[in-house]
Amino acid sequence: MKVLVWNEYRHEQENQVVSDIYPEGIHGAIAGFLKEEGHDVKTAILDEEEHGLTDEVLAETDVLVWWGHKAHDEVKDEIAEKVKQRVLEGMGLVVLHSAHFSKVFKKLMGTTCDLKWREADEKERLWVVEPSHPITEGLGEYIELEKEEMYGEHFDIPAPDELLFVSWFEGGEVFRSGATFRRGRGKIFYFRPGHETYPTYHNQEIQKVIQNGVKWVKNEGTPKHVYGNAKPLETISEK
Amino acid sequence: MKVLVWNEYRHEQENQVVSDIYPEGIHGAIAGFLKEEGHDVKTAILDEEEHGLTDEVLAETDVLVWWGHKAHDEVKDEIAEKVKQRVLEGMGLVVLHSAHFSKVFKKLMGTTCDLKWREADEKERLWVVEPSHPITEGLGEYIELEKEEMYGEHFDIPAPDELLFVSWFEGGEVFRSGATFRRGRGKIFYFRPGHETYPTYHNQEIQKVIQNGVKWVKNEGTPKHVYGNAKPLETISEK
Amino acid sequence: MKVLVWNEYRHEQENQVVSDIYPEGIHGAIAGFLKEEGHDVKTAILDEEEHGLTDEVLAETDVLVWWGHKAHDEVKDEIAEKVKQRVLEGMGLVVLHSAHFSKVFKKLMGTTCDLKWREADEKERLWVVEPSHPITEGLGEYIELEKEEMYGEHFDIPAPDELLFVSWFEGGEVFRSGATFRRGRGKIFYFRPGHETYPTYHNQEIQKVIQNGVKWVKNEGTPKHVYGNAKPLETISEK
Amino acid sequence: MKVLVWNEYRHEQENQVVSDIYPEGIHGAIAGFLKEEGHDVKTAILDEEEHGLTDEVLAETDVLVWWGHKAHDEVKDEIAEKVKQRVLEGMGLVVLHSAHFSKVFKKLMGTTCDLKWREADEKERLWVVEPSHPITEGLGEYIELEKEEMYGEHFDIPAPDELLFVSWFEGGEVFRSGATFRRGRGKIFYFRPGHETYPTYHNQEIQKVIQNGVKWVKNEGTPKHVYGNAKPLETISEK
């Protein structure tokens, strides 16, 4: 499976705290534990030409993992649109943390994707609410993160096709923190954790969820649809 | 309830067959049977200034009914975006027939909204598959239309929140022809029938469904959401 | 609308704490604030003949509200089955708190309906996650209850048709605390709060949700379905 | 993967037409093409002791495939209940054709599972409506069956978690003919075709769907849930 990990890669270059946690970038950390699964993993970042998302790259990508935060606006509209179209054609998409506000995710959802947030070093506990789903494989009843950014409801997304995790936050909020969406021939998994100032992507349970998610969003459906003007399959009576 | 019926209003001006069926336009016909319900009903058309969809008009509209077909591209992007935002803020939306391809609906769905189609004077039978839903109130088991345009699967929409009708077509196809979607604070009802060359909107059962749909999409939820940076509701421990 | 409030009515007779909070029983308290809505409200309890759920009573009930806890097993199987059938035929059902374990709810869900629980005088905060739904009408972003019993995930129910509330608990758990389900022609609303030793049903926001829920579960769909052997509607070719 | 194919096995013994089509029984035919997938496949029939569904057999079954029709009532209640419990614990279940009326499926759904039907040698065309789903892998846009029994809406099931196929019938009806349901830790796939007097299970596309379905319902979720009285994970304040 060909996986592309896309990262904005700005915090790591501007903030020592972040680069200490992720010396090879958030994309490097994620690519690392995805390679362990035997996938063919590449990375791309915002500041590459065409953000590293050329037609050739997208055409050969089975699953795209997306992390972005402070520079969503710098992603060119035509490239966001191209990525969206590839998802509709069947490329899997894993959307992480603050990528809830990426152009690609907002275009696919059709809603504002807004939420409450707070940076206060608070505890998050992600409860599994759908224990029969492959994305939850290998987990216990919940994942506990000592310190994370808070995201709180209302999370302005369409009702997910499948709700997998609900988070509890120390400060009093809850959040639908793991959810799947089918759009066109593409499958999408949104997973909340991963604020840049915490070592969340070094947590083995978080890694397991993302590994599972990458496998799950890989397209395995029907090879093609036909749209447009269609000849009748049965005789239509004269009226 | 304040209802606005929006129509492209081109076929009626260019095709005698259509204007004979709908002498006051498709919008006039729909407005007529919605007024019978006691609503405050207005109409707007594409060729009005700002397509008749000024901020003032949208602000005071509870439910918008949309019919469009051949001139989707002429709807200005900024107006389509404005209408979408009003839906997310709570304005109800009833999307009729070929408006599956309207900019507003495609933006809200995030998919291509593509489908198969055929104009062949063929029979359609809309089966009720969710008999507990208010939009089906007053109907029998199905609605039969002697002649309609065919729309066939695959219909490239997100899985509906509620699937209400499935159509059978004489030529051998099926279609998810009545479906609801919640987006933001807005409720959306897509209803398939209504090709301009057939008297579909004069059919009393079709009128009943649209009347029910207009009532159902009217917002009755919570008055507001708060997004953005949030103070903790509970004490967060030092770590 | 004819509403029947059914209560086990045992805690109130055995525990002074409970009878001090609900001197007319939990059913009396609930019936009280439902009457304010103008409904025709009756009550029934476990120890009545046939638990007060005769064929005549059920036949004329539009919406049944159910509270039970310690005596689920004393509800006769044939009566639980009869109530379930009436729901499938179109009677609305509001299932409160520990009635998650009632025979009627378990039969309708098909799952164990099991959960985590704890009595520890802890705070519950019910967050609205579906702000466009009529059951949330009149609320703010959340309801806060100073002391309640905890119910925690995993809650073993089918994925709800609509998820309306998610609860945060002081002790670290979350719970899908408001959810709707359509079964047959019947609509069902499960709402979590209401432990007998707390004055939860005197809380005006909780009352508002139950009032809204009773209105929402009232059947307004199609009048009948036909099942069984069916004549063809179209000519079937010889093969 | 350990698969058990269960069959009523009555039609084959009583009707020459059926035994000519399925000389090794419907279970034999299904087991045959499942073995090609490399699974460890066993069969069981109604007339075996405990219907071949002992605790030992169920405990070691990953996926159960069920075909039944005229003798649903002869399946003992306690065994149907036991099978249901195993599904809730994680055993996958593929429910074929007239098994919509099996005790196991009805218990899991909570509804009547009733439908319209007709035996008239009519054409069925199963349209794929969810092209991103693994169960549709390897198919084209639809499967055509020259002769099948008709099943028509309303099909009295809960709204499926995922709707995969919708059938068109020559006589004018439609049917939700492929659908998934999650219950407890178990996954369920209902697939409509397979009337005993037609060679449907010899059709390669039908075989492909059942092969895909067996793989999909195999449990891969979290290993366990804990229910009941739970200690707090956080300190609860005195009030």
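To keep things simple, chains are lettered A, B, C and D as they appear, and every chain counts its residues starting from 1.
To be clear about the criterion, contacts are C-beta pairs under 8 Å (C-beta built on N, C-alpha and C of every residue); 3 or more make two chains touch, one makes a residue touch a chain.
Keep in mind that this is a model prediction, so the values were computed, not measured.
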Could you tell me which chain lies farthest from chain D when each chain's centre is the average position of its Cα atoms? B
Degrees of rotation, nearest 5, to put the Cα trace of chain B on chain D? 180
Determine the centre-to-centre distance between chain B and chain D, using the mean Cα coordinates as centres, and give it in whole Å. 36
Distance in whole angstrom between the CA centres of chain A and chain D is 33
Multi-chain contacts in chain A: which residues touch at least two other chains? 125, 128, 130-131, 141, 152, 154, 159, 161-162, 170, 172-173, 182, 184, 225-226, 233-234
Interface residues, chain A side, partner chain C - complex: 125, 127-131, 141, 152-155, 159, 162-163, 166-169, 172-174, 176
Touching residues of chain C toward chain B in the complex: what are they? 90, 125, 128, 130-134, 136-141, 161-162, 170, 182, 184-187, 219-226, 233-234
Would you mind writing out the residues of chain D in touch with chain C in their complex? 84, 88, 107-112, 114-118, 120-123, 146-147, 150, 152, 154, 156, 158-159, 161, 170-173, 181-184, 225-234, 236-237, 239
